[in-house]
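The following pair of complexes shares a single chain, chain A, combined with chain B in the former and chain C in the latter.
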Partner chain A sequence: MSGRRALRLRRRLLRVAADLTTWALVLAVAFPLFWMLGTSLKPSAETFALPPTLIPAHVTFEHFRTLLFETPFPTYFLNSVIVATGTTLLVIVVSLLGAYSVVRFRYRGRRLAAQMVLFTYLLPAVVLLLPLYLILASLGLVNSLLGLILAYTTFAMPFSLWLLRSFILAMPIDLEEAAMVDGASRVEAFLDVVVPQALPGIISAALFSFILSWNEYLYALVFNRQDHTKTLPPGVITMLQQNTNTEWSLLMAASVMMAVPVIVAFVFLQRHLTSGFGAGAVKG
Partner chain B sequence: MRLKTSDSLIGVAFITPAATLFLLLVAYPLFQSILISFSAINTMTLKGHYVGLANYLDILQDQEFWRTLVNTLIWTAGSLVLQVLLGVGFALLLHRAFPGRALARSLVLFPYLLSTAVAVLVWRWLFNDLYGILNYGLVHIGLIERPIAWLSRMPEAMISVILVGAWKFFPFVVIALLARLQTIPLQLYEAARIDGASAVARFWDITLPQLSGVLAVVVLLRSIWDFKEFDLVYLMTGGGPGIGTQTLPILVYREAFPQLHLGKGAAIAVVMLLVMLVFMLLYLRQSARGDER
Partner chain C sequence: MVSVRYQHLHKAFGDGSVALQDFSLEVADGEFLTFLGPSGCGKTTTLRMTAGLETPTSGEIFFGERPVVDLPPGRRNIAMVFQSYALYPHMTVQQNLEYPLRKQGVARDERARRATALAATLQLDALLHRRPKHLSGGQQQRVALGRALIREPEVFLLDEPLSNLDAELRTQMRAELIQLHRRIGRTMIYVTHDQVEAMTMSTRIAVMSKGELQQVGTPLEIYREPRNRFVAAFVGSPAMNFVEGGIELRDGRAVFRAAGLEVALPDARSARLAGLARASGVLAGIRPEHLSLEPGSGEGRVLVVEAMGHEDIVTAETPAGRIVVRSAGTATAAAGDLVPLRVDPEKLHLFDAASGERLAC
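Presenting the complex of A and B:
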């Protein structure tokens, strides 16, 4: 009897040990995130204190204030919002129509279209970088937010198309047919039946497109050289390179601010995270 | 669906905007970049002339190109191996039921969605040679005697870049594996337990074979993406010290922009695409097979 109890106790201890190990490893992986937040809240003097303080001894929001009122950060932020939102809207409309067409209609080149989508998705940005630069230059769209939006469709569109395609593939066709038997036109059936049903897919495609565009660095670095059209990633890196004495607490505050929209999107995305895997979740 | 054959016109109309953007922003640029690669063009003035295969011959005789290719392979392989190991490990840990699992999963997955620029800023602060907590910690526990300038020495710079790459991208492996782990039938494990198989044996005989399909896809995708990664490597070290961590995408950028050799940059990009094409075609075939199932 007591032998069985001892066995149970041993099992339980093992389980607790495994739980604790798991959490220790998780916290180790997440440490840079906590360190970023901690540094952004420390007074500058404490940032360079040795030994470093793990949890800020004094919490201050001065770096966030400096960031918002004394640096071009708000301009970069606004530009990023415009570019990411613009890309998302354009890409969702175009991809939803395209995905519906590829799934529900039969015409020549349909299969090829699907293959091209996947191919484009894997295409490295650096291969398109130079010709896109030429095209945008010839259209006068270098140093413009519109130019960046067009460049971003090259990765956001194939991703959204692929994700929405798998969503529409899984949708039963009966409802659309019933609507059309009742006299709805093809376009009405699309708007009234397909779009509402595809809404979860649309939301996750939109959130992923937003995050991909929000985070993009290379195109933004090359195409938008002027301060008033810079987006956050190259903008904040410029802030890193400009000062000889790097103000790490200011940069960490900027990093926190850049992460906030992603956190919000992430909270909404969680349940859809794996559905994005058909298209490879998020581009690496 | 064959409701009416006439409405295939609507189908074509629906695909037109996407197809137009594709032709304009992907197909035409791709074609153009091949044309550019046969010319000598100045990036600023955009003036140039046809030079045939000169750019390609130039690259093949260029020591820097080969060194960069080797760097790219080292970065890709090193980071990929760590991503897979960490990915499998954390997927197994996070698959178990334990208190606070949802939060733990979010914390592990989050770096993947974070902007690479942010990830690099945070890590450069951690790696900082004077005030970085990493150096402080390592000195404190006696592993190193004095702070190391992680990003300006070899091989430390390459090791740092690989580590940060592993941290940033392993959550992708976790996401993919967690989804697959949920679908492994529990009966398999029960049967094995009755047969007296140990936990280690159950992992090798059941879990790993069940995961192998997803793992193959994940390795393929991640090797494509790591190979073409620009942001992380460029922002960590700028390709330095010297060209110690310079990878192919960085070389393309450098040739075309700071050095204004648009044609040579394009030629390197085309060569890079040719190398990647093997992996891309493998992935396309794999996914086409998945489609038919």
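Presenting the complex of A and C:
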């Protein structure tokens, strides 16, 4: 009896230790975010106040107002939304069809093609900067949002392709065949059966692509030099460093607004990330 | 309502393996026909070609008078129950049942009405809103069956639909399938390697081996007059005994003779066998149920006795080889006994030892 109680006590202690560790980690990660939010809401004078205040003494939305009405920030924001959304859609469509083709159809070189695509990740992004720039230039796509979408797609697509490939590999072909016997065309079988089952994978790949293109700095900086095609990361930094001193409060406000879409996307999609439909549909 | 006709069907796969050779067969309208054969003999391949999931290398398939080889699966008006059930995991039972109707463009209300009605007959009414993974094996099986039934197809294709069920459920579903076939009277093609399923359910059985059709016939024909050694050995449990020997004529009567075993054949068969007399090269097939532990044909030393309660399965060593006997009663023999053996001469099967073909008699 006492043995069992000791065991239960030990289990509870372990649980508390695990919880404490988790929260410590969360705090460490979240601290800069709190600082960012705090700074964006302080009057500029309070930014460097001593002792520093984590929670602003005076809350002001002045920086957000400045950002939205007196800078090109809204243009950059819109550009980023277009580029990230466009990239995500393109990546998902291309990699879903590609993964399906690689898994379900037989043709010469399909394995090699799938493997070659991963070579993108063997080279640092800087190395591909010039070749990609030249390609886009010859297509007349420098300084355009479409150019950036294409460039980002080449980065996000391989990961997405391989992720979705593993999802489709795990799907029994019986299901598509059953759908076809039940009266579906091949395309309908794909849409009715494959896509819903690949949904957790599609969402993971979509988040990956969105975040990658939302945060990308280097290519955006080099490819799109004109103000009306700039995206947020290079846009915000160049905008706030035109003066000799950095506008910290504005930068923090911009950072907060940049983080919002990503947080929203996570909150809405997280549920699907963890819930696959799982096995059990097909026996034997 | 259609018949299904296979004409010189041939299937080879890309890797060169031949799954089906010169397969010709007509499945009558409303028939319950079973493809029976060991693993890898081409049953599933034939069924898949019927469904349109696989294209024949050559040959034709007709539904009635209509050639179907070039039709996609969805246009053949068939339904198929997969061995894996292939239920759509992201859909509820009701959505699974409705899917074929949805593809036919049936209106939502009508779909729901038919799915509910069908679910009631299959005892699935309480489960309509569950996902397949929350169903037992037997329930999943019934959903798969329901999805096949709902569109009232002309031909049902079933690929080992009972093989994932436990023994009790299998027996029960067997009876349900027989009733179902009787009720709807559609053409059904059923694949199994379980001879009990084939014998109990089918109107006719097509026995296959290594991609070739061996024999087509009613269960009784297959059991009573197997056309060759393969069919004889595959159907029946415990399996038929085979003894090699010869036929000799004695006083105008044919006698099968092997080492330590003699069976005098009845008059009617004697006459037909007279021309086939030879000293060796004859294979006699004797079903365990046509042997008894009585004097008459030979004797053997008992190796094992398996008591089933109402009968014993006795394995005996004889000069002609091992022989299995189904002996009615209890404690009919014990290991080590020397027992007499009698073969029912009416039920003796004779094959050519070289070709394995049944001898004309």
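Methods note: the second predicted complex is superposed on the first by the 234 of 284 C-alpha atoms of A that agree within 3 Å, B and C clash if a C-alpha of one lies under 4 Å from a C-alpha of the other, contacts with A are read in each partner's own complex, and residues count from 1 in each chain.
Quick note on the criterion: a residue touches a chain if its C-beta (ideal position, glycine included) is under 8 Å from a C-beta of that chain, and two chains touch if they have at least 3 such contacts.
Fair warning: this is a prediction, and the values are worked out from it, not measured in the lab.
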| query | After superposition on the shared chain, which partner residues are touched by A:193: those of chain B (first), chain C (second), both, or neither? | reply | second
| query | Which holds for A:183: it touches chain B only (first), chain C only (second), both, or neither? | reply | second
| Does the superposition put A:86 against chain B (first), chain C (second), both, or neither? | neither
| note | chain A contact check, chain B vs chain C, more residues touched by chain B
| task | For A:97, select first, second, both or neither according to whether it touches chain B, chain C, the two together, or no partner. | result | first
| Between chain B (first) and chain C (second), which does A:147 come into contact with in this model arrangement: first, second, both, or neither? | neither
| message | By the touch definition above, which chain A residues appear in both interfaces, chain B in one complex and chain C in the other? | response | 106, 177, 180, 277, 280-284
| For the complex, which residues does chain C have touching chain A? | 14, 51-53, 72-74, 78-80, 82-90, 99-100, 103-104, 131-134, 137, 140, 147, 151, 163-164
| field | chain A residues within the chain C interface of the complex | value | 106, 172, 174-175, 177-185, 188, 192-193, 196-197, 199, 277-284
| query | Mind pulling up the chain B residues that touch chain A in the complex? | reply | 1-3, 7-8, 10-12, 14-15, 17-19, 21-22, 24-26, 28-30, 32-33, 36, 43, 46, 90, 93-94, 96, 98-100, 104, 106-119, 121-126, 128, 130-131, 133, 136, 140, 167, 169, 172, 175-176, 178-179, 221-222, 224-231, 235, 248-249, 252-253, 256-257, 262, 265-266, 269-270, 272-273, 276, 280, 283-284, 287-288
| remark: Residue set of chain A touching chain B in the complex reads 18-19, 22-23, 25-27, 29-30, 32-33, 35-36, 39, 47-48, 50-52, 93-95, 97-98, 100-102, 104-107, 113, 115-116, 118-120, 122-135, 137, 150-151, 153-154, 157, 161, 173, 176-177, 180, 186-187, 211, 214-215, 217-218, 222, 232-234, 236-237, 240, 248, 251-252, 254-255, 258-259, 262-263, 265-266, 270, 273-274, 277, 280-284
